[in-house]
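Just below sit the structures, each encoded as structure tokens.
Okay, so chain A shows up in both of these, paired with chain B first and chain C after.
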Partner chain A sequence: MEYLGLSLALFGAALAAALSGIGSAIGIGVAGGSAAGVMTEDPNKFGSCLILQALPGTQGIYGLLIAFFVLNKLGLLGGAGAVALNWNQGLQIFAACLPIALVGWYSAIWQGRTSAASIQMISKKPEAMGKAIILPAMVETYAVLALLTSILMLMGIQVG
Partner chain B sequence: MGVARLKKSELYYHKSVHAQIAAALQESQACQIISTESESEAKLRESGSETLALLSKSEEKLSDIRYLMRSLTPHFVDPVPSLDRMLGERPEVSMEDLSKLSDQTDLKVICEKTRAVEQRTAQTRLELSQARADLALLENLGFFQYQLSVITEGTKTLKAVIGTVKAESVNKLKAALGDFSKFSSDVDLTVAEIDEKANPQEIYAALIYSRKLEREILDVCVKNGFSSVEIPSHFQATVAEEKKIAVAKIAELEAAEAAALADMKALAQENMPTVQKLSDYWTSMNRRWQEIAKSENTETTVFTKFWIPETECEKLKSRIDSISSDVELVFADPEPGEEPPTLLRNGNLARPFNILTELYSPPTYRGIDPTPLLAPFFFIFFGMCLGDAGYAIVLAGTIWYVFRKYKRIPAGIKDFIKLFAYCSVSTLIYGIISGSFFGNFIDSFVPILVPFKNSLMLVDPMTNPMQVLGISLLLGVVHLMFGLLIAAYDKIRHGEFVDALGANISWFLFIVGLCFYGVGLGGMLPSHFVQIGQAMAILGAVIIFIYAGKGKAGIFNKIISGFLALYGSTSYLGDILSYSRLLALGFGSAVIGMVINLLGGLAADIPYIGWLIGIVVIIGGHIFSILINILGSFVHPLRLQYVEFFGKFYNGGGESFAPLTLSQEFVTVKS
Partner chain C sequence: MSYVYTVARLRGMENHILDSAFFTRLMDSASIDDALKMLGETSYSQYLNQDSNFDKAIDSEMLATFHELAQFVPDQELLTLFRIPYDFHNVKVLLKGLFKVRAGDLNGRRYDLLSKLASIDTNELTEAVETEEYGFLPYGLTDVIPQCVALWDQTKNAQAVELLLDHQMFKAMLALAEKLNVALVTKWVKLKIDAENLKAAIRLARLKYDSNHALPFFHEGGFLRPDDFAKLMNEPQETWSRILSHTDISKVLNALTEQQDLKVAFSDVSAAIDRYLLEVLESAKYSIEDPANVLLYILAKEAEARNVRVSLVCVSSGLDREFARRAVIA
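Up next is the complex of A and B:
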């Protein structure tokens, strides 16, 4: 049972990076399909389509960020060696990873759908780019809040 | 500052100067033509026939130009990259030059040439695909050793047919044909060798038979699953010979196709520069006559109405006066009931932020222009989100390079770039005070500078995030309260004192009071702020409560709506918490930077080439980080403006001033 804490913490980090990455991949995929459709009609919209497609990609980055944060906290980056962790601390870190893992996963998918709809919108009304960017950003708010929650929780947990 | 004052102009002129006046209005690029009320298709046709003729001429030219652009653009190697073109590197020409060019160029001839080459290409491609299909067919007929004319024509007594038969039916077919064995010399079935790897289900077979038995034999064939393959009638020689012919033909056609494409390319290279210029010219002309067609006509005069910014009136008047003396130009202020379009006009400092307002929705003509009000907040928020001195230097350096290289950037794009130039300043400042330079680059690689970096730090989001969270939320409160005060000011301006007090000032008192109370309790402000805050909050709450009950019948309804209104404070709580994204995004860019440096440092430990990989990781990683974080730092502060800030006082709802302009996609028109 010596390594249970470390394992739990790593499990959390893995979920943070993996689930939000999955969400972003789906979200970007959905938006990309929509963008490709619009560009068959008007290839000049590549720039605006790309920006809208990229919007659901941030969740994956947030997840990665939390995963690195955890690895850093555990001393697994660089040559210093892992810190000692009891299972309680490991569970705490695991819990801290959940907000970005779950919200990142789901919000990226829904943000991707909104992005896809926004891409359809600019295909008809290119001047509405501002509004088209804001709609998916409304969804991302909750990923940002989850990121913040995860960060604050991780900072509060004492290890080593 | 704010919304530019417009004048409504009425212009009466004689038909003889029609063309010059129209050109003057368009080239001023400052007049938005208003439809006169009597505008109807029928009326237009009878009175404005010259305009209509000019309009249909421009449309005719444009349809040729669109055809040429569509056909030639894929073959055209533009000497000016499209990015350069967007940034103003376009040939400078005057409208007279373009008009002359248009007279000298016969678009019809270019169209004909292009069509001819296009048709040739299509024809060649058609023949080529035919020839390839022939060759593919011949590949399957290698087993047939006689002249193919036996199949396509036959001899006096014999005829042959080629077809496919299912592998399992071959023997059945052979047996069935065996019944004709008494005339064995009259039937001969040749079956292709079966290639096990290829398509084993279907086998090619050739059948040579005597003409007198044709019907019976073909009947047997059909019943036994033999389906004939059509052999093109031009096949006469043996398969091997025909193959040679087909291969030669394909080579010839391929050469012809290449030649046609080369011709197309030459056509494109020769004509595209002209076509592009004419595209701008005729698009301008089309716009011009479409807009002028909104004028009213009499037998000899034309009457055009348009909006024009006050500052442009003099210039236009002198230009119009120089054309003819038979012109009457009157400027008038918009009447109270009229809703003129909106042109935002801000000083140099706020102008780049105009685009943020326009992206949402411009204000109405008599509304408040929110641009100067949102500009400082956007500036600060962007800085906090990107928040890295190194990224700021890269951003500013790139912009400096662009401005140095491109001297003729169009005004709109220039303003947009300037917006980022401004924001790089706030990014630099926040990067310095939060100690972020390419993430934690200094701590990781240049420890000697750490004391210097630390001496400049005022906040440390890494070790004390609560401090930055507090600052973010405080900025949020300031931003929201500022929005409430603007709303109150706007209402007072229109004489709605009670609404200003009840809907805006009350909430201002309530929330600021609560903040004073909370901060006072926390010991960050002198203790008498606790009492002041308490008093403000209670006063605010009472006003909110009473105001909500206004106009409701019965004491019970009044109380209910009062409580409901107070419950609305949760939305303010949500609004304020929304500003925590400033911390989160700033944190995000700092940690991404940190991760990149970490990975670079790890890569540098690889023996021999590690340093190289490390440098690539660090440079590539930071470029990625800059791009993704600029996107986030633009979008999220913008959302705070649109949703939280504008929600308090601004609806937009205006219509942008859209003057009659010249098309300048490929050229810059000099006046």
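Up next is the complex of A and C:
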């Protein structure tokens, strides 16, 4: 039971990085499929397609950020050794990782789908690029809120 | 290949489809040479250079479209769905030739009428019909061709043979759509059967058929039963819209209530039906991966080919352009 707290905290960090990373990979994959289809007919749309395809990638970065935050809090970065953590503290850190893990995972997939639709939109109306970016960016709002929630929760947890 | 890629690529290809403004200009051409020159600036140009016959050039463009789609559409059955009618057209051409030869007309075979757009290779189909080796033929042709030959031998009725083939064609299309298991595609095929029955009903009404004689002309498989269409024969055409008001297809019948001349009404209803079949699939436009988008694109391309044909025929033979404008699908 000595390492249960640490294990729970690390599991949370792993989930934050992994789930949001998986979501981003799927989202970018979906948007990439759409971008490839549009660029087959019009290779000049590469720039616009790339911007829209990259949008679902941010959730993976947010997950990584939270994982670093947790590792730093646990003293696992810098070589000073892990801080002592009881199971209750470990569970708190695990819970703090959940918002970005779950919202990041799911929002990245849906942002990818919205990006794919936007890519199809600029295929027909290239002049609507601004609107095409705003639509998937709306999904991003909720990933940012989840990131903030995770950061605020982690900042409020006392360890060591 | 995923449908996300497919649909996105189709969106790009849709940009090259000729629009109604182009057809207006095409129909206003002073001569067929001017019209062909205008068409020479489109994707049809490469085929117009190869062949002076614009009908063949239009078919070549459609064939090239099918070949291009075959490279990236995940379910080839979606393309087959559109090629089956050409297969049955070819079977009709071959059987008519066969019957003429049997009747003593040694020049009765018209291989020039065979369509390249069919899914079965025309040479293989010709050989199968000539040698009576139907075993490998798909879409139920294995059974229906011998039935057609037997029916011809008994009745010498070419129309009955055509009907038998048409019934089988719609049966095969519906079976293929159900195999694809895409709700919108199945709905479209069923509505297409209804639409075909409705066109037949208008034609039969012009010929003053009663319900008993008209019944065999209607196909099974649509949302409405053949009986429902046969019953229309006993009613005045202007009431059909009201009789079918519980169905989706009734809206295309408005032309019947407005037009007394059935010939003009048929043209209006046909154009309305084609528009309606496009509209049915339009909900797929809002999906990034609905397979029905493939149908939507092929329908748009077929409408384009039809519009090109109507416009060129209109210009070359000096037909009434107002009539042609009505026949052109917006």
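The rule is short, and it goes like this: the second predicted complex is superposed on the first by the 160 of 160 C-alpha atoms of A that agree within 3 Å, B and C clash if a C-alpha of one lies under 4 Å from a C-alpha of the other, contacts with A are read in each partner's own complex, and residues count from 1 in each chain.
Here is the rule we go by: a contact is a pair of C-beta atoms (placed from the backbone, for glycine too) under 8 Å apart; a residue touches a chain by one contact, two chains touch by 3 or more.
Since this is a predicted model, take the numbers as computed values, not measurements.
After superposition onto chain A, the partners chain B and chain C occupy separate space and fit alongside each other.
Legend: residue contacts after superposition of the two complexes on their common chain; A:Met138 is shown touching chain B, with no touch to chain C. Residue contacts after overlaying the shared chain place A:Gly130 against chain B, while chain C stays out of touching range. Of the two partner chains placed by superposition, only chain C is touched by A:Ser34; chain B is not.
Contact with chain C, but none with chain B, is seen for A:Ile119 once the two complexes are overlaid on the shared chain. When the two structures are aligned on the shared chain, A:Asp42 is found in touch with chain C, with no touch to chain B. In the superposition on chain A, A:Gly57 makes contact with chain B only, not with chain C. Judged by the number of chain A residues each one touches, B leads among chain B and chain C. The angle formed at chain A by the C-alpha centres of chain B and chain C is 50 degrees to the nearest 10. The gap separating chain B from chain C at its narrowest, counted between C-alpha atoms of the superposed chains, is 7 angstrom.
Note: no residue of chain A belongs to the chain B contact set and to the chain C contact set alike, using the contact criterion stated above. By the touch rule above, chain A contacts chain B in their complex via residues 51, 54-55, 57-58, 61-62, 64-65, 68-69, 72, 77-78, 129-131, 133-134, 137-138, 140-141, 144-145, 147-148, 151-152, 155. Contacts from chain B toward chain A in the complex involve residues 356, 358-360, 465, 469, 577-578, 580-581, 583-585, 587-588, 591-592, 594-595, 598, 601-602, 628, 631-632, 635-636, 638-639, 642-643.
Listed in rising order, the residues of chain A touching chain C in the complex are 30, 33-38, 40-42, 113, 116-117, 119-120, 123-124. Against chain A, in their complex, chain C makes its touches with residues 2, 4-15, 72, 288.
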